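What follows is a group of structures, each given as structure tokens.
Two complexes follow with subunit A in common, the first pairing it with subunit B and the second with subunit C.
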Partner chain A sequence: MNKLIYNYIKENRSRILDTWIQNMRNKADERLIKGVSTEVFESTSDEFVEMIISRLTEKEEEFLSLLTDFAEKVVRLGWPLVFVNEGLKEFEKIVYGGLVDQGLVNQDKLLEVVGDLDSFMTPMQNEVVNMYSQIWEKTVSLQKIALQELSAPLIPVLDRITVMPLVGTIDTERAKQIMENLLNGVVNHRSEVVLIDITGVPVVDTMVAHHIIQAAEAVRLVGAHCMLCGIRPEIAQTIVNLGINLNEITTKNSLQKGIEAALEITSRQIVEMEEVE
Partner chain B sequence: MEFQSCVKIINEWDIVAARQLGRNVAKELGFGTVDQARITTAISELARNIYLYAGQGKVCIEKLYEGGKSGLLIIASDEGPGIPDVRKVMEDGFSTSGGLGAGLPGVKRLMDEFDLDTTIGKGTEIRAIKWLR
Partner chain C sequence: MRIPILKLYDCLLVSIQWELDDATALQFQEDLLHKIHQTSANGVVIDITSIDFIDSFIAKVLGDVVSMSKLMGAKVVITGIQPAVAITLIELGIVLDDVLTALDLEKGLEKLQQELGD
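Up next is the complex of A and B:
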């Protein structure tokens, strides 16, 4: 590494940082600053510049650990990659500008300094992009797992009666999960009746209907009843328009009606208690 | 041509994006909840067919204004294998994928106008319109 650049960065560290924060603040749009306090913005900026400098002064491992921490933090804060990239470029610009302003580089050394600075910044840029996308992928896959856990919950509401409330879009993966959980649930909870509630499902197309029909059929095969509840009026109409036959499945317009029917199937009912004297 | 916007269909989640686009435009045009559901379901069927049978393609949504009435046009187009027997696929229950075979005849019933144009080896384009009443 060029001694001149190295010394300049080390000696002017705080000035570089201040300029950097100021310039980046102008570049950052509203969304980025909002929700992040000035302290967090400044401390994150400080870490960023610290990390760049550590690439110069510290061992490889030290830099990588700072980079990992930094990348995790900015992904969590929602700083876009473009902004981070911009930050690296800005750093380069400030350092170069400073060197020229202070008259530290003369004409014949100019090219050499530019080349050195570039060969320092470019590989680092790759490393930063790489780390950022790794962390990003990790975050997305964690969210996927979290979603999957939410996707088809089974709730044993009463002895032998289980409810599966579905909320949100049903894709093929989720449809599979619904079938699996239903069948496991019937066995594990010794359910005689399972109620699928689709109040929260925005669209019931042929794929969703097909999966519901298959799930109901499978439940019937393991000896339990399956009921479909919470069919909103507009969904009922589209199902009819599609020409889908749900005659094989018991349907109830609300979960409450479904539970009443389920009690009846299991030969029970809810009664009001007489006032005890 | 009136305002048009499109969603590329490449993976399963693009189907959801296309539906969302359709629902937003339907709302803007003033369609009620039942027609919104019909339109989004029709888009879902067409987009899923693209995803399943053509691999990729696009769904475009257009606002129509004609002689004092307004409507919503769905254009689902792909450069997939095309459909060999158009009459058959319009029958209820015909499916080459073990599905219900209710998609295409269903879309025709959900919408007011339906037009299917397909060439073997070239692709398929389906246009369907819902008029605002």
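Up next is the complex of A and C:
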């Protein structure tokens, strides 16, 4: 690291910080400022510049841990990556401008200084971006796991009758999981009737219908009966308009009707008790 | 190795205990039809609980056996299809349309009695 730059940043630290915060505030868009109070903005900005400076003074590991903390905080606050990136560029600009203004850089050294500054800032930029994407990836994978856990529960409601309520969009991966859970559940619970409830499925297109038909077919092969419940009017419309043939599958409009039909298939019925005086 | 076919009252009972190869499957098809002819059975239960892998040829043979038995006046119930097998069949696009199925042997026999009773 060039001694010149190092000394300059060290000596003019507070001035750089002030200019930087000023410039960044002008740059930050409405949305960002509104969501964040002035103190938080200032302290975070302070931390940001602190972090950049620590790159000069601290050891590699300390810098990295600071970077991790900062990135996590910023992601939590919802600062866009573009803004942070802009911040780094701005910092570079201010330092360079300062160096030139103070006449510390003459024509001969100019290229060397620019090169040094660049080789100092670029890895940091990479690290910030890297940090961001790592945290994003972590969030995405956590959400994916959560989604998988919610994906396809099979509930044995009555003897020999099970229900699988589906909520949310069905894609191919999920459909596969649904089919596996459904079949394994049918075999494990020894059920005769399975009700698939699609009240919570927002859209039924040809692909979803195809998966449901496949699942129903597979359920029939393992020796149970499959019913489709919770068909909303708009779903019925789409199904018919798309020309999907669901004739092979028994369909009911609500889970209640489905359970009644299921009881009928298993030759049982719900009887109201006479009140005992 | 031949697959044993047992007679149980007016039904035939087949339990397939190991993975079928092509020759065995064809042999089985022939044996079963002969047995139906011999015993003039009204129903057949084929239990494939122990099979967790099936290919398109075996699936076709099974489907054929069912149709052929039907022609000879015997109803067929296939029992104990494993989830993995069901998924494979569906993915291969093999729809055993006119085949009766049941969860296990017990339920299969019940179903057969019911069908024959009608």
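Criterion: the second predicted complex is superposed on the first by the 218 of 277 C-alpha atoms of A that agree within 3 Å, B and C clash if a C-alpha of one lies under 4 Å from a C-alpha of the other, contacts with A are read in each partner's own complex, and residues count from 1 in each chain.
We take it that a residue touches a chain if its C-beta (ideal position, glycine included) is under 8 Å from a C-beta of that chain, and two chains touch if they have at least 3 such contacts.
This structure is a prediction, so every number in the text was calculated from the model and none was measured.
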Touching partner for A:Thr199 - first (subunit B), second (subunit C), both, neither: neither
Which superposed partner A:Thr172 touches (first subunit B, second subunit C, both, neither): first
Touching partner for A:Ala209 - first (subunit B), second (subunit C), both, neither: first
Contacts of A:Asn85 with subunit B and subunit C, given as first, second, both or neither: neither
Which of subunit B and subunit C A:Glu180 touches, first, second, both or neither: second
Touched partner set for A:Arg190, first subunit B, second subunit C, both or neither: second
Touching partner for A:Gly223 - first (subunit B), second (subunit C), both, neither: second
Contacts on subunit A seen with subunit B and repeated with subunit C across the two complexes: none
Of all residues in subunit B, those that touch subunit A in their complex: 12-13, 16, 19, 33-34, 36-38, 40-41, 44-45, 48, 92, 99-100, 102-103, 105-106, 109-110
Subunit A partner contacts - residues on subunit C that touch it in the complex: 79-83, 85-87, 89-90, 95-96, 101-104, 107-108
Complex interface listing, subunit A residues touching subunit C: 179-180, 183-184, 186-187, 190, 192, 214, 217-224
In the complex, subunit A residues that touch subunit B: 169, 171-172, 202-207, 209-210, 213, 233-235, 237-238, 241-244
